[in-house]
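Below you'll find a set of structures to go through.
Each of the next two complexes has subunit A plus one more chain, namely subunit B in the first and subunit C in the second.
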Partner chain A sequence: MIELTEVRKVFNQGQPNECPAVRSISLTLARGGLTVFKGPSGSGKTTLLTLVGGLARPTSGRITLEGRLLSNLPERFLTEVRRHTFGFVFQQFNLIHGLSVLENVMLPAYPLGRQHRALVNAARELLDRFGLGAKAASRVEWLSGGEAQRTALARALINDPAVIIADEPTANLDSALSRDVLTLLGELAAQNRTVLMSSHDPRVFESVRVNRVIELHDGRIVEDRSC
Partner chain B sequence: MLITPAIVALQLIALSVTGTVLLASSAAWTLLRRWDIASGSETQVRLERRTYLISTLLGFALGAELLSLLLFVHTAESLSSQFVGAMCATGVLNINAFGFPTLLLKIVLFFLAALWLLLNRVDNQGFDYPLVRVKYGLLLAMAPLAVLEAVVQTRYFLGLEPEVITSCCGSLFSAKGKSVAAELASWSARPALLLFYAMAGLLLGIGLAFRRWLWLGPLFAAGSLLTFAVAIAAIIAFLSLYVYENPNHHCPFCLLKAGYGYVGYALYLPLFAATAAGLSAGVIARFRQRSSLRAVIPGEVRRLTGLALAGFGLFYGLATGLIVRSNLLLLD
Partner chain C sequence: MRLWFERQKYLIDYTLAALLRRKTRNLGLLLVYTLLVFLFAAVLLLSQGLRREAATLLQDAPEVIVQKLSAGRHDLLPAAWLETLRRIRGVSSVQGRLWGYYYDPAVKANYTLMVAPERNLATDEIVIGAALARIRQINTGDYLGLRAANGQPLPLKITGVLESASELLSADLLLLSETGFRRLFELPADVYTDAVLTVRNPREAHTVAQKIALALPASRPILRAEILRTYDAVFNWREGLLFLTLGALLLAFLILAWDKAAGLSAEEKREIGILKAIGWETGDILRMKLWEGALISLTAFLAGYTLAYWQVFHGGARLFAPVLKGWAVLYPEFRLTPAVDGQQVLVLLAVTVLPYIVATLIPGWRAAIADPDAVMRG
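Coming up: the complex of A and B.
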């Protein structure tokens, strides 16, 4: 379970261009299920996801993960938690050009020091599961948008994380590919992983696979409904 | 005043250490008053971020402080040829009233800096900043000493006048004087040797017991400091005599000279390192009950204790070798 208590995030605090991105949000996210954060651009969706995933720290407030404080952890502990607990999928895929699909998928597992053979097997298994087995040796710059996003999803799963954070994962995909990605995320949620994603696409937050929709506006929660 | 690269380096170190410690002290003061790990307030979140930055900066500054002791002694020794009457570092330190106080402050700060760095190392291994108050409390205690050291050292270097005729080690470390150094020099060899080796046996016993029972921490810390004091006294009382093969030459600084194979460095480096490790092991063991450090402290303390015993062992081994190989006979 992830719990946010009075979480605020202000960028450029005290400067003329001060920007409060998240304003005093308190929220409990139960384990498992697919939760979508929706809202217009600038509503704080991405910032909130980066705070939950430990990629940024709140200006004030606390975030706990399974009852243990997360947001105030010293960097080395936060890195460990990030590596083991969270898998990230980004709007722009953020795959490393020049590396193969297989190498991209394996990359987040290198700091954990797993056996190379076991790691290659795990990565190939994930690629097969997402229909990318034949592309393992291809360079990522040769992939289509849908293939790139599925590679990013496979990469997010390589460390077997309990929480998947996906920031607008369907924004660069057409309807059919968006549906595929959403299906994959729904399957992960059904396996008791917590999937948190942001989207302003109605096809996403109106999907039957979504368990909860939280709407943000100007950094505040304006609606929170279970589906 | 003499200006040499080493003096400039020492002054820069003193300036940067004092500046960093003072800057960190103001944060430490706020931290000691307002730290509340249970709170998610903006102040607390800001303190958590700042402590990480401040600890990193202090790590560099206090690391430089450790090195400055070695550089200071080496500089004093190397300047001895430039002052009339100075045969070694003793004469250079004696040129004005600030030489020996600077050395004493550097020694005290060496141990405190080592303790702070090791506390910081352990604190960084706990997820909830378990020793944050302890290390910043220690920092506040160190701040006045760091300022004092910078002031006294500056006064010392400003007062280094080449035309001053200074006195050599023979007068300070003479058994006929009335100073503490003279008192030590006048010790007879047999009881001094007995005390020297008895202290080694005692510390070894405490150290081995401490590796098993961590509650003996304060005893091991005190034992390490006492062994350090006894070792310095022993160097003045008899060890220097064996090295120089002269029954009247008690100087602990001439050991640093090339003529004696720089044996002083080989004696002092393990002695200082062992004392710092022993003191820190004893202090750190006190925090073994902190929940986030329960798995960390036993290993850290055993490692430091091992390091301390190895350092003292090296010092005692070398000292014994010097005594055995010497042509001087102090005991019948």
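Coming up: the complex of A and C.
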């Protein structure tokens, strides 16, 4: 369970260009299920996801994971939590060019020092599961948008995280590919993983696979409904 | 431990892949880097080799040389001095030497002429150094014509060529008989160029030198240790001259390396952001950057040092030999004994490898300590 209490995030605090992105949000996210954060651009969706995923620290407030306070953990411990608990999928895919699909999927596990053969097997298994087995040796810049996003999803799962954080994962995909990605995320949620995603696409937050929709405006929650 | 090795293996894998992705840039850098290490190592190896060679050759040099000074300059030594020197306590033998220089306008080179009594040469016989034989294209059995001090030509028959093992000191050497030498330079029979002494106890050479200075106030005793020190100083000076030139090159390289290594491209910064976002910590990024710096700099170091070693000890050290071996026209040709000095290697490592590693680490660290959330914003 992830709990946010009075979380605020202000960029450039104290500067003339100070920008409050998240304003005093309190929220409880139960284990499992697919939660979508919706809202227009600049509403604070992405910032909130980065705070939950430990990619950035809140300006004030508390974030706890299974009762453990994350928001004031030193960087090293926060990374440790992040690499074991969270898997990230980004709008721009953020795959590393010049490396193969297989290598990209294995990357998050490198610092863990897992045995090479076991790691390769785990990565291949994920690629097979997402229909990318034949592309394992291809360089990622040769992939289509859908293939790239599925590769990113496989990469997010390589360390077997309990929480998947996906920021606008369908924004760069056509309808059919968006549906595929949503299906995959829904399946992960059904396997008792917590899937948190942001989107402003109605096809996503109106999907039957979504369990909860939280709407944000100007850094505040304006609606929170279960589906 | 296995975990640690496995992690380092993954980091090296990733670093190699990253380096190969920017092949042209990194290969260019590697080439310049290798060249720089090669130049520095070549100067160090050559000057050290020469010093060692000179020291080996001078081991057999006389313990004390006595010269006569006149108005502060080297003058011919009267034969009567030899008896005075023999009487000094501690001196076991004294021998007068005859040597000098001869300018040969045909090849625009100076020869070193020396009387070698132990060779029992006849008046018109000479033995010449290998470089002299090469440049004049003459050999045993040929005649070499010199012009005597009175202007008359003096044909001298070559009875041998000095072996090249001793070429450092004998390249331009011409050995002849005492009568031949005196006839060439019109020297009277009662003078010598200088005198060489052996002392009973080499540790007392300094005391003997003091006694000589007292007995013969116009003399200048020179100890073997002083000659060695002079050689050292000359090589140090020449080495310093080269290092000064190379220093400018090093500075230029450091600026280039700093620019290449320190200025992370937008793509590299993005990659660091991605790696942090997917679970790499700052330490992992730093280790990766450390491997990157180490792989490039150590490869360049090994390649440069190996090339320099080969060039100096097997390739005749053609690059810097003219400066470091001497300013003579007749350059000696000889092979230095291969040797590597651990301390020298460490200094070279410190000068060339460390700055590059630091230059790669700092920007990596600066990019890695930032929150990785920027990557979420594309």
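Note that in this section the second predicted complex is superposed on the first by the 227 of 227 C-alpha atoms of A that agree within 3 Å, B and C clash if a C-alpha of one lies under 4 Å from a C-alpha of the other, contacts with A are read in each partner's own complex, and residues count from 1 in each chain.
Rule of thumb we're sticking to: contacts are C-beta pairs under 8 Å (C-beta built on N, C-alpha and C of every residue); 3 or more make two chains touch, one makes a residue touch a chain.
Bear in mind the structure is a predicted one, so any value in this text is a computation, not a measurement.
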So, after the overlay on subunit A, do subunit B and subunit C clash or fit? They fit
Taking the superposition on A as described, I'd like to know which of subunit B and subunit C A:108 touches: first, second, both or neither. second
Can A:159 be said to touch subunit B (first), subunit C (second), both, or neither? second
Is A:98 contacted by the first partner subunit B, the second partner subunit C, both or neither? second
Thinking of the overlay built on chain A, is A:83 touched by subunit B (first), by subunit C (second), by both, or by neither? second
Go through the superposed model and pick first if A:131 touches only subunit B, second if only subunit C, both, or neither. neither
Which superposed partner A:116 touches (first subunit B, second subunit C, both, neither): second
Output check: A:145 vs subunit B and subunit C. Expected answer is one of first, second, both, neither. What do you get? neither
One more residue to check, A:57. First (subunit B), second (subunit C), both or neither? both
Between subunit B and subunit C, which one contacts more residues of subunit A in the superposed model? C
Looking at the overlay, what does A:167 touch: subunit B (first), subunit C (second), both, or neither? second
Minimum distance between Cα atoms of subunit B and subunit C in the superposition (Å): 11
The shared contact residues of subunit A with subunit B and subunit C are 57, 75-76
Subunit A contact footprint on subunit B (complex, rising order): 37, 40-42, 44-45, 48-49, 52, 124, 127-129
Would you pull the subunit C residues touching subunit A in the complex into a rising list? 2-7, 9-11, 13-14, 17-18, 20-21, 267, 270-271, 274-284, 369, 371-373, 375-378
Contact residues on subunit A for subunit C in the complex? 46-47, 49-50, 55-57, 75-76, 79-80, 82-83, 88, 90-92, 94, 96-99, 103, 107-108, 110-116, 155-156, 159, 167
Parts of subunit A lying in touch with subunit B, wherever the complex brings them together: 5-8, 57-62, 69, 71-77
